[in-house]
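The chains carry the letters A, B, C, D and E, assigned in the order they are written, with residues numbered from 1 in each.
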Amino acid sequence: MNAIILTAIWGVVMMFGGVFFKRKSTPLYWAVAGLVLILIANCQELVTLQPLFDVDVKDMLHFDKFNLTFITIALSCTLLFFLLSGRDIEKVGENVSEYFALLFFVLCGVSIAATFNTLLTLFLGIEIMSIPLYILTGSDKRNLKSNEAALKYFLLGAFSTGIMLMGIAFIYGGNTNGSFFINNIGLGEGKMPVLIAVGLVFLLISMSFKVSAAPFHFWTPDVYDGSPTVFTSFMATIVKAAGFIAFIRLFENAFGNVQSQWQGLIAVITAATLLIGNLTAVFQQSVKRMLAYSSIAQAGFMLLAIFALNNMAKDGLILYAAAYSLATIGIFAILIKMNDYTIDGFNGLAKQQPVLAITATVFLLSLTGIPLTAGFQSKFYMLLAALKNGQQHWLVIFAVLCAAISAYYYFKIIQAMFFKESNDTVVNEQDISPTFKILLIITAALIIALGIFPTLITDLLHS
Amino acid sequence: MGVTEILFWFLSVLAIGGALMVVASKNPVHSILYLIITFFAISGHYILLNAQFLAIVNIIVYAGAIMVLFLFVVMLMNLNAESEPPQKSKYLLYAGIVAGCSLLLLIVAALRKADMGKQLVQMKDGDVGLINNLGKVLFTDYVFPFEISSVLFLSAMIGAVVISKKESIKTTGQV
Amino acid sequence: MFGNSITIPHLLIFVPLIAGLLTFFIKKESGAKAWSLLAAIITLGISLLSLVYSKNKDLSGLSFNYEWLKEMGASFSVSFDGVGRLLTLLTAVSFPIIFVATYKNSYKNANSFFGLMLLSQAGLMGVFLATDALLFYFFWELALIPVYFLCSRWGGEKRIQATFKFFIYTFAGSLLMLVGIIYTYLHTAATPVSDHSFAMSAFHSVLLSPAQQNWLFWLFFIAFAIKMPIFPFHTWQPDTYEQSPTAVTMMLSGVMVKMGLFGLIRWLLPMFPQAVVKFDNVVIVLSVVGIIYASLIALKQDDLKRLAAYSSIAHIGLMCAAIFTTKQIALEGVMIQMFNHGINIIGLWIVIELIEKQLGVRKISQLGGIAHKAPVLTTMLVMIAFANIALPLTNAFIGEFMMFSGLYKFNVWYTAAAGLSIILAAVYSLNMVQKVFYGEENTLTASIKEISLHEKLILSVVLGAIFLVGVYPQPFFELTKDTVSSILTRFK
Amino acid sequence: MNNVLQIVWLIPFLPLIGFLINGLGRKNLSKSLSGIIGSGVILGSFILSTWVFIQVKNGNTYVAHYYDFINTGSLKIGFDFQIDQLSSLFLLIITGVGFLIHLYSTSYMHEEESKDFAKYFSFLNLFVFSMLLLVMGGNYIIMFIGWEGVGLCSYLLIGFWFKNNNYNDAAKKAFIMNRIGDLGFLLAVFWLLNKLGTADYHTVFQNAAQLSLFDVTGITLLLFVGATGKSAQIPLYTWLPDAMAGPTPVSALIHAATMVTAGIYMIARSNILFTMAPVTQTVVAVVGLGTAILAATIALKQNDIKKVLAYSTVSQLGYMFLGLGVGAYTGAVFHVMTHAFFKALLFLGAGSVIHAMGGEQDMRNMGGLKKYMSITHITFLLGCLAIAGMPPFSGFFSKDEILAEVFKQNPLYWGIGVAGALMTAFYMFRLYAMIFLGKFRGTHEQEHHLHESPAAITFPLIALAILAIVGGWVGIPEVFMHGGHRLEAFLEPIFANSNELAKENNPHEPLKHSKEIMLMAISVVGALAALLFAWNKFSKYEKTDKEETGVGKILANKWYVDELYDAVIVKPVQSIAAFFNNIIERKGIDGMVNGVGKAVNYGSRQIRLLQSGQVGTYVLLMVVGILALFIIQLFL
Amino acid sequence: MPVNYYIFLSVALFCIGVVGVLTRRNAIIIFMCVELMLNAANLLLVAFSKMHNLALGLNFPKLASEAQVFVFFIMVVAAAEVSVGLAIIVMIYRNTHSVDVNFLNRLKN
């Protein structure tokens, strides 16, 4: 609750701040300050489960350890994102404080989407998440790529909204209780009525769209590629993770007891996502676009949680969200500093900027899922959950084979950084402040810490 | 069949016809007008279902505000049949039509299996759609969504501003 | 003698690990070398200590258990058993030898080179000591990563592709094993703290239906087969050996390939006895085919490193076959042979390195007549070569003799077929000796000089080991007795 | 336990010491010193061996156990030495002849640089060491250690002059052919271990009865394969003539006197097994006979001294196997002994000749040497007479003992054997005549360089000549002198069991003396005839450059056996290897592995085309996806 | 009136909207088709609400009306979306003088 309200308020603050802030660098401090505030408040709620604001939401939101933990992770990742890439937000355009305001609104949407309890709040949350993102995608107005990305994102997003609404409508129609509450769909163990089935497929599709699962992923590469890199970093991590949280909460609470009837669909989608994501990423020359595809591939792995739908899966998803967000934010923060976004642009980075190179290596190893990094633990949880579920073992084998493919493209960057030479400077040094390096090192350290003790996060769920 | 049926069929035909024309007509202005017709038809359905509030809101918000907005934009860009980008690849066109129709058939076929036949819809009477009930529900149970939707509007507003505001300085380089 | 907080397994893992991390901060090359050599020697000392220490029966200092992920049932538990002790000893012995043998070589960024070497040593130690499946997998991967960097950073001109292939190949294999581990884990019995357990004991006593065992068997086996490697998973090896710097090649071929065999002995055999019995013929046929195949291909190699690589494939194939006979004598042979193969192949690499360092070529066709100028080098190489083809009174004879007789107990014809490799090995080894060392010397080889004192010393150490084990192998049998018997109990 | 014989370990240990000293100190040792060390240690072990022999003669046989070589739950192999009649006899031969040859070498190898000289002696000592291990070993494993050891030494010594690649090839050939045999040996050992669980002679021979006929036949056949390799029998004999590339003393020691008899020793050692396997015995006999004849025929047409001697060696070994095959173990061992004497003598004589001729080995360029080097000439003549089987020289007794046994078994064998003996006489005296008789055919500087060899060479010649004469007298047949066969009496304990077994298997009535004398007469007379024919034919030999024709050509080319092997075995293996290397490895397996990578890249390049960048296509694909999901969900 | 009729009607509208999105290239038209889809959903919701109202009767008074509130929120969201969407389209039109969705095709593969 705290998070929702405070993010909304702080968004407004930032919005008005736009009028008063003279210097371009001011908004960042405010944003960081506000975010820290919100984070504290949220942690307080996580610990006590007693929000500061006692708003009667008529049970339309539901707060528990799970989604509060996620919100905490989302907020902390955003904080890290601000600290690492905040200065780059200022380069996007001149409405800096508006950008921050929009980011706060997105966070508000994230919090709602993570805590929704009725289809309405789900819908609202997702919309509140999406609409600011359309703007941020297009925020580099002179850049036609950015425009194109915004248009595609918007049209396809609206399309998926339509689908989602259709789904909601059918669910409502099929629900004899005539309620939108996800834990009141009134499904028995038996075969679900056709209306529900149709609605479920529609909802599944729209959620798959939000988490960019194949074959509804097409917007992802173009949007991630076109939009300003800072915002790519944000929406590829926090927003996507929120989508997954919404996804799993919806399907666990609403359709959990008829899982067997839709598990096949998820299996198909997962396999397709893994295959397309990994396969297409192999070919990419631009690191930015490659990371876009890799985010699809990672989504494929996260889908295993929805496939498995057990406690292990939920722990794993939280862990995955954290690990994936940390690593991706880190690698994007480094990518932004590069002069050239192609893989060759990384040539010889190890010589010129060893710290960047080494931390980048940690991030990439984590994304690949090498032991001792958080990435391994999260993938490990996913596989564990999927196998525990006991259905469709082929999917797990398939997943690990795809993970092997993923090593192929992640290590291309490592090779470029360490084993190739480059004469001209690959990054402009004045951007690289000592604080930036230290923050990178801290991020890498976090990743490794999580890699050794995933319990640091999972304990939050069970304490 | 009674008046209700007649009205139902009439409005349905109107809505679908309008919708088809929206898709079909070359000139954007025409499609907008057809879409307005469709919305009116839908509002008619709402009235038929005795959802008066929604009927009104639909006309005001959709047919009124939104569509007018569209119209303004189209006028502003003065788009017309000539400036309309033609669908170059015919295959995509046919593929689109086929896909849409098969989607329709699929869902219809699926729903025919479900025996919703005996499920009736309450026409004309029933006071759930009346403004006072909705108002009660909206401002008691649905106060939170109502409030939070303000965030939506705020962000939309900021967005519109940010997007359409003139940049004084040219942004450079890759961001 | 040790508190339970610090045990010998700890030291074996963490001394190289910490030393390796520190090495990165030593800027001077000589310093880095000296430091890493020191660390390696300390490690060797510790592992020797473990031998002494295990003599007296109080084993408290030899195993350690820390509940790492409690509710997961995973723990940081490391402990010695026979084969573990043997292979940690091999690892500990190999690294000082490698460092001394390549002491003259200078690397750019020597600090990171030696740091990575020590890190991989730590990883290897972990693999050989871990008694927890998850931990085992951890170290299994961690041993791989430094090697990836070592090879692609300091290797030959085609290094990047070769290493990349090697990495992806092994990575895919180990991921399959990960699936296998998890699946097995989910069928282990509940423990007081968790509903499943990764402990080795739990894995060994896991109850699996034959059908489950059958596909799990392959998940594990492929991972190990790629690592060993045996036919037909071996194609990464010659390229990698050829391309990677010799120090790394020594480590790879001397120690790292043992990871696969170790995995078979420590994990696969005890876990899936039925499946092993079911598939033993398949595996052994694969290995035997591989033995002959590799030996034949070795006949055609012109590059010394590739030659050694293929001969190594043949030897490993024999060990793999011997393991799957699950005959006591064969297993005893495998144990000792794992050590011997490590020593011999390292010796071989040292000689090759000495030649390449002086003449800059490895092509057999370009060499010849080295014996005129470098008789000592020649003599040592000849001895190592004959050890490599298992001449009696060299160490390899003991192992191969026992493995062959075990294989014979299993099936006569496999033995006869594999026995051809005895002849073929002689052919290619003697070809190599003749073409490289005998005959008239050419303009290139005329420039070679006799090896220096410390090279003589290090080679003498290797030869000493070769003949010591060859004449008095008994201690090694004592060392690995318990492992063998524990495996055999699974196949009663 | 505290048997005096416990110290027999000294016998092999001394040569080992010599090997180490000479090997490690070869840079610093002077020639004379290393020569003294090299020969001295052998002399030492010779003295010990005689002492041991006397001990054994007084009936003290003993198995000395030193330590557990391998001792696990599944396999127990002690490092044991077995001292009995057989091994002690071989000890004498090896160390005795060995010493003489070492002595000889000190002078023969004198041109070598001092470090090569030392190397030579170290190898020679190492060889003696391995040979001693071979014969002293108390079980098949120790025997195998020596067995491979001698192979190694012969490899090293054949390739002693490693500059010359032909020599290296010869060395390689020798080692590999031995290895083929060794494989058979190993398999036999595995079989034994599998059946009896041990490789100790005692246990094996005691429990031999447990073995089924099939087992024992298989084991013995495999052992025999090993023997063919080591003792140069068909089909593995071709390495021995090539092995003449080594220094002549080496040929004398290894390739005539000792190593090549290892096969005979091994079979004699496991005589009981062979006696139990009649099939194997037949095989052994036939192979031996075949080898004897084949080698003899080839020897007829060789012009290189050492080649002639080499083939005669092969042929003589054939006789020994013939003897073993027919169960005349004593005879075979007896022939080993005598052969060691006269063949070493002949080789050393040939060496002396070559030495005098300045390395010339082709006897067409010799002749009339008898007036230049009398001692060599006399001793060589004695050797020829001995090998030709002229009474009362040693060869006569041993060969005729074998032939007599053969006759008992199968007169046909006897006939062929005698034919071989005649050929032997013929080519030996062809050799003799072409070297020593007639007039000199070499170049002038050779002629005036001719001289008698120094004492270090002539002394061994004389000593061996004496042995070649008297060596046979330890085995005088019953015919001439009752109880004259002292050797048989001496070896009786070794072969007792198999003799009994043989008796009850196929009881022959012993030959009547008259008949035996008749047989001897035939062979001796025939040999004499061949001898004289060769004598006067080749004493007036003139160098001609006309090509050999017909049979002669085939013989001169050794029946083209090498060519045959090359075509049937070597070439195919090479091409298969090439095929594996170039096609299967590169294209096949590695191709498959890389193919996966290629496939991924290709798939990537194709699948990315879905990302056309056009909203319409995206939506279309999405709708298709929707349709698919609906179908799956609702209609499947 | 059977609910099937309404279901089919709105599904038909929905699919027409989809076809429009598929076939047209004018961004504005496509967007309008999306709006059509939303309206189809609205109609369906209202129909269902009345259906439930009939089925559940008056013992759950507000249940049925929830759907209509939902429709109200949908309209709210739609309005917001329209403002943003049109802004984006206008921006693109300013940069490219085209509303053709395929005109901008820099991001592909």
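As a convention for this text, contacts are C-beta pairs under 8 Å (C-beta built on N, C-alpha and C of every residue); 3 or more make two chains touch, one makes a residue touch a chain.
Since this is a predicted model, take the numbers as computed values, not measurements.
Novice: Find out how few touching-chain steps suffice to connect chain B with chain C.
Specialist: When the steps are counted carefully, the minimum from chain B to chain C is 2.
Novice: Would you mind naming the chains that touch chain A and likewise touch chain D?
Specialist: Under the touch definition, chain A and chain D have B, C, E as mutual neighbours.
Novice: Touching both chain B and chain D: give me those chains, sorted by label.
Specialist: Joint contacts, listed by label: A, E.
Novice: Determine, using the mean of C-alpha atoms as each chain's centre, which chain is farthest from chain E.
Specialist: Computed centres place D farthest from chain E.
Novice: Looking at contacts between chains, which pair has the highest count of C-beta pairs?
Specialist: B-E
Novice: Among the chains, which is located farthest from chain A on the basis of C-alpha centroids?
Specialist: Farthest chain from chain A, going by C-alpha centroids: D.
Novice: With centres defined as the mean C-alpha position, give me the chain D-chain E separation in Å.
Specialist: Taking the mean C-alpha position of each chain, the two centres sit 98 Å apart.
Novice: CA centre of chain C versus CA centre of chain E: separation in Å?
Specialist: 65
Novice: Report, in whole Å, the distance between the mean C-alpha point of chain A and the mean C-alpha point of chain C.
Specialist: Each chain reduced to its C-alpha mean, chain A and chain C end up 43 Å apart.
Novice: Could you state the distance in Å from the CA-based centre of chain A to that of chain E?
Specialist: Taking the average C-alpha coordinate of chain A and of chain E, the gap between them is 26 Å.
Novice: Do you know which chain D residues sit against two or more other chains?
Specialist: 597, 608, 611, 613, 615-617, 619-620, 623-624, 626, 630, 634
Novice: Where does chain B touch two or more other chains at once, residue-wise?
Specialist: In chain B, residues 92, 95-96, 99-100, 103, 107, 110-111, 116, 141-142, 145, 149, 152, 155-156, 159, 163 touch at least two other chains, as defined above.
Novice: Mind pulling the residue numbers of chain C that touch at least two other chains?
Specialist: Counting only residues that touch two or more other chains, chain C contributes 168.
Novice: Name the touching chain pairs, please: which are they?
Specialist: Listed in label order, the chain pairs in contact are A-B, A-C, A-D, A-E, B-D, B-E, C-D, D-E.
Novice: In the complex formed with chain A, which residues of chain B make contact?
Specialist: Listed in rising order, the residues are 107, 110-111, 113-114, 116, 140-145, 148-149, 151-152, 154-156, 158-159, 161-163, 165, 167-171, 173-175.
Novice: Chain C touches which residues of chain A in the complex?
Specialist: 365, 370-372, 376, 380, 383-384, 387-388, 393, 396-397, 400-401, 403-404, 407-408, 411, 415, 418-419, 453-455, 462
Novice: Which of the residues in chain D come into contact with chain E in the complex?
Specialist: It is residues 608-609, 611-616, 619-620, 623 of chain D that touch chain E.
Novice: Per the contact definition, I'd like the list of chain B residues that touch chain D in the complex.
Specialist: Its residues touching chain D are 92, 95-96, 99-100, 102-103, 106-107, 110.
Novice: In the complex of these two chains, what residues of chain E are touching chain B?
Specialist: For chain E paired with chain B, touching residues are 1-9, 11-13, 15-20, 22-26, 28-29, 32-33, 35-36, 39, 42-43, 46-47, 49-51, 53-55, 61-62, 64-66, 68-69, 71-73, 75-84, 86-91, 93, 98-100, 102-103.
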